[in-house]
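Multiple structures follow.
Across the two complexes that follow, chain A remains constant while its partner is chain B and subsequently chain C.
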Partner chain A sequence: MQEPYKIEHRLAAIRPVGLRDLLAAAWAIFIKDLRSELRTRYALNALVLFAASAAVAVSLGVGFIGLRRSEEYLLIQSALLWIALLFAALNGLSRGFVYEEETRTMAALRLAAPPIAVYLGKLLFNLALLVLLGTVTSLLFIVLVRIEVGSPLAFTLVLSAGGFCLATATTILAAIIARASFKSALFAVLAFPLLVPPLIVAIQATALTLDTAGMALALPAIRTLMAYAVAMFVASLMLFRFVWEA
Partner chain B sequence: MAQRMAQAAKLLIGVWIAGVAVAMFLVVPQYEGLGNAGRIIMMHVPTAWVSVLAFSISALFSGLYLWRGQPKHDDYALASAESGFLFTVLATVTGAIFSQVVWGVYWNWDPRQTSIFILLLIYAAMFALRSSIEDVARRRQLSAVYSLFAFVTMPFLIFVAPRISDSTLHPNCAFLQGSKCEGVELGVGRLGLLGDRKVELVGLDRVGDVVTAKVEVTEPGMSSVTALSPTYDTANHKILERPNFPGLRFRLVVEDVNLATNSVRLNIEAPGTGLIDNGRTLFTFLASIVGFTALFFWMLNVRATLLNVEWALARREGSRV
Partner chain C sequence: MMDIRLIAHDLAASYGARTVFSGVSLEICHGEVLVVSGANGSGKSTFLRLLAGLQQATAGSVVYHYADRDWLPRDACPLIGWVAPDLALYRELTARENLRFFAEVRRLHLSDADINDLLEQLGLGGRGDDRLSAYSSGMAQRLRYAYALIHRPPVLLLDEPTVTLDVRGAEVVDQVIARQRRDGIVVVATNDPRELRYADLLLELGR
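Entry: the complex of A and B
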C-alpha cells in the first residue's frame, strides 16, 4: 500500500536545498545529458564535423608552405581558429535546452531539480563539449593549417579561458531561446554581441601565444577573459531562475 | 493640470533643442583646423551619452519588472530600448561623418566604434527576441533577463576594451578640457604607439632650453615613414612646435622632457585642444547634453504611455471576443 502524502514531504520540497545536494543534482543532470548525447550524438557530430570542415576550408586557403610567419600572419591564424570555434559553438551549444523542449522533457526536469542545479548541469555539459571542440579544432589547425604554438601552456590557458567565456555566455541564452521560435538563428543573434568583447581579447592573446614569448604577454588577457566569464557566470546564476519560471 | 505641464515641457524641449541647434552654428567658434566639421561634436557626444543612459535605464526597468512583475515596468524598459536605439544610430552616424572628415575613413574599428557597434547589436537582438516569442508574459520575462544579462557586459565594453586595444585615435580624449590622451614615454632609440601610428624616438637635440625630439612616424601597415621634429621649451615648460601627423589633422607634441634619462613624453593633440576653455563652446555643449537628455525622457514617457494604452486596448478587445 502506498504511503499517504504527508505534509513533511511538501515541506521538504519547499526547504532550501543544501550545496551538496545541489551539486549532486547538477552532476546527475550532466551525466543524463552525456548519456542522451551519446545515444544520438547530435551535438557531437555538429561540433566536430563543423570544426573539421572549417579547418579544411581554411587549410585550402592559407595552409601552403611558402607563407612567412609575420606578426600579421599569426593574427590571421588565430582569428581563423576563433572563427571556427565560434561558429561550431553557435551550432552546438544551444542543444542542451532545445533538446529538452523538443522532447517535451522540460516539465519533468522542472519537477526533478532546482533551477540552479539545472543551470550548472547544462553549463558542465557545454563545458565538456567545448573541451572536446577546442582539442579537436586546435589539433586540426596544427596539422592542417600548420599553426606553430610558441608556448603550449599559454595557448591552452587562453583557449580554456575563452571557452569558459563561450560556455557561460551561451548557456543561459540557450535556455532563453528554447522557448522562442526561430531557435538557431535567434541563438546566434543573441549570443554574438555578448561574445564580441571576449573574442577580441582572445584572438589577440592567441596570436601572442603562437609567438615564443607567450605566457608573460598573454597573462593580462587570460585574466580579462576569466573576469568576463565569472561576471557572466554570476549574472546567469542570479537570472536563471526567471528564465526557468517563464 | 498634468496635461498642461506635459504640453509646456514639450514646448520647452522643442525650443531648447532648436536653440542648441542655432547656437551650434552661430555661437560656437570654429575648431581650429577642423572647419565647420567640428560642430557635429555638439550633436555627437550628447546622443552617445543618451544611448548609454537609455541602455542603463532599460536594464533598470527590466530588473524592476523581474522583481515586481508589473507590466508597466516592462513598457518603460521597451520604450527606453526603442528610443535608445534611435539615439545610438544617430551617435554612430554623426561619429562616422566626423571620422570621415578627420581620419579620412568612415569606420576604422576604434575601440569606441567597436563598443557602440556592439550596443547596436544588443538592441537589435533584444527586438529580435521580443518578436519571436508569442506569449506576452513570457516575452516580457525573457527579454528582461536578456536586457539585464547584456547590461553586465557594459563595464567591459566601456572600461576594458579601450584599454586592451592599443589603438585609439578617438577624439574623446583630446576635446574635453581636463581629459587627456595617455601618450607614451620614450627613451632615445625606443619604439611606441600613438593611436595607430608607430613612433620611434631617433634622437634628442638640445639648444639652450629648447629640446627638439626627432621622431620617426610609421603609417599603419608600414607603408611609409615620416620624420617629425616637435620641440619643447624646458625653461618655461611650454610646447613650441606641433607638427601634424602626415595626412591627418592630429598633431604630435612633446609634453615633457626628462634630461636625466634622456627620454620624452610624446602625445597626440587634436586640433582645437584647449579651445573648449572658451565659455561659449562649453555652455552650448552642456545645453546640448541637457536638451538631449530631456528629449530622451520625454520620448520615454510618451512611448511607455502609448504602449500601456495599446496593451489596455488589446486586453479590452480580447475580453469582448
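Entry: the complex of A and C
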C-alpha cells in the first residue's frame, strides 16, 4: 500500500488548538449541519410547520374577536407570538444533538472535533434556524393575526435578543438530553426554568415595540435579554466539555 | 518519526453492578499489535472504547506517551483512529464530503487529490461522490477506515476489523495493519480466529 497522505497531517492534528482553529472547526460543523439539514429537512419542516399552524390557529381563534388596540391587547399578541416561537424552538432546536445520537455519528464527531467547536457549531446552526423561524413566524403573525409593529427596529432587536436567549439555552440543553431516554419530556422540563425569565422580559418588550413609543422603552429589556444570553453562552462554554464527554 | 507507547494499569470496566473485566495491565510499544479476544460480552469493544476515551474506566488508568508528553485518552483524540461496527458517518453526505468535514475539524488541509488517493487505496475509487445512504455495508466499513486514517494516527483501534468486508477488503485491512506497525501501534478486538495472526501481544478477556 502506498502512502496515501503526508506525515504533516499527523503533526497538524496534534498541534495545540488555537482560537482560529476552533472557529474554523465550528464553521465546518455549522456548514455540515446546514448541508445535512437542507438534504433531510429534519428540523426545518418541524419548525416551519409548527410556526405556520400556530399562526393559523391563533388567527382563527382570536383574529375576529375585535379587541380594541389597548395595552392588554398588545400584550396578548406579543405573548401569543412568543408562545409560538417557544414551542417551535422546543420542537426543533434540540435536534442538532439528538440527530447525531440517533444516527450514531456522535462518537465520530467526538473523536475528531474539539468540544468547544462542537458547541459553537451547533449554536450557530440553532441561531440560523431561529433567524428563519423568527422571520417566518413574525411575517405570519403580521399577516394572519394582524399584528401592527409600531417600531420595526426595536421589534427586530427584541426578537433577535430573545432568539439569542432561546438558542443559547436550548443548545446546551439539547446536548444534555441527547442521550436520555425520554428526550422531549426532559427537554421541556429542563427548558422551563431556564426560558421562563427571558420569555417574560421578551413578551413585555415586544408589546412595547408594537406601540409607537418603541425603542426608548424597549432598550432596557433588550439589554437584559442580551445580558442573559451572554451569561448563558459563557456558562455553556464552561460546562459543555463535561456534558459532551459524560 | 516519533515513537508511541500505550500503558494501561489495573483497568476495569463495569455496567451497573456487572463487572465486565478488571485488573487489566499492559504496555504496548511502537510497532506492536495487540489482539483482544474473548467471547461475546467479555468486554472487547468496551476495552477499545476505554482506549479511545469514549468511555470512562471504572478503575485504573490509560496513558499514551507520545511527542515527549503523556496523553490521557480523553485528550488523545488526535492520536487515535477508531474503526468499529457502531461507528457511523453522515449518511446524507457523500464520502468526499464526510472526509473533507472530518479533515477540517481535525485542522488538516486535504486537497481533492489527497481524498481521491485515500479512497482509491481503500477500494472506493470512483464512489467518492455517492451519498453514504447508497453505500453497502462493506463500502461503509471501508469508509470507516478512511475516517480513521485521515489524520495518520499513531494509534489504530480496530473493533472487528474485517466484519462485512469481502476478500479484497480483508486484504486492504492486512495492508493497513502492516503499515501501521511501522507508524505506531494497533489494537484489534476480534472473535475471528484468523485475525489472531496479527498479534504480537494477545489479551484474552472473560477467562
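Quick note on the criterion: the second predicted complex is superposed on the first by the 228 of 246 C-alpha atoms of A that agree within 3 Å, B and C clash if a C-alpha of one lies under 4 Å from a C-alpha of the other, contacts with A are read in each partner's own complex, and residues count from 1 in each chain.
Here, a contact is a pair of C-beta atoms (placed from the backbone, for glycine too) under 8 Å apart; a residue touches a chain by one contact, two chains touch by 3 or more.
If you're wondering where the values come from, they're calculated on a predicted model, not measured in any experiment.
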| item | value |
| --- | --- |
| Chain B versus chain C as contact partner of A:Glu245, first or second or both or neither | both |
| Chain B versus chain C as contact partner of A:Ile172, first or second or both or neither | first |
| Touching partner for A:Ala221 - first (chain B), second (chain C), both, neither | first |
| Partner chain in contact with A:Val189 - chain B first, chain C second, else both or neither | first |
| Touched partner set for A:Ala28, first chain B, second chain C, both or neither | second |
| Which superposed partner A:Ala112 touches (first chain B, second chain C, both, neither) | second |
| Contacts on chain A seen with chain B and repeated with chain C across the two complexes | 245 |
| Of all residues in chain A, those that touch chain B in their complex | 172-173, 176-177, 179-182, 186, 189-190, 192-194, 196-197, 200-201, 204, 220-221, 224, 227-228, 231-232, 235-236, 239, 242-243, 245-246 |
| Chain C contact footprint on chain A (complex, rising order) | 1-2, 4-7, 9-10, 12-15, 17, 21, 24-25, 28-29, 32, 35-36, 39-40, 103-105, 107-114, 117, 245 |
| Parts of chain C lying in touch with chain A, wherever the complex brings them together | 1, 52-54, 66-67, 74, 77-80, 82, 84, 86-93, 97, 101-102, 104-110, 114, 117-118, 120-121, 147, 149-154, 172, 175-176, 178-179 |
| Interfacial residue positions of chain B with respect to chain A in the complex | 66, 114, 118, 121-122, 124-125, 128-129, 132-134, 137-138, 141-142, 144-146, 148-150, 152-153, 156-157, 160-161, 164-165 |
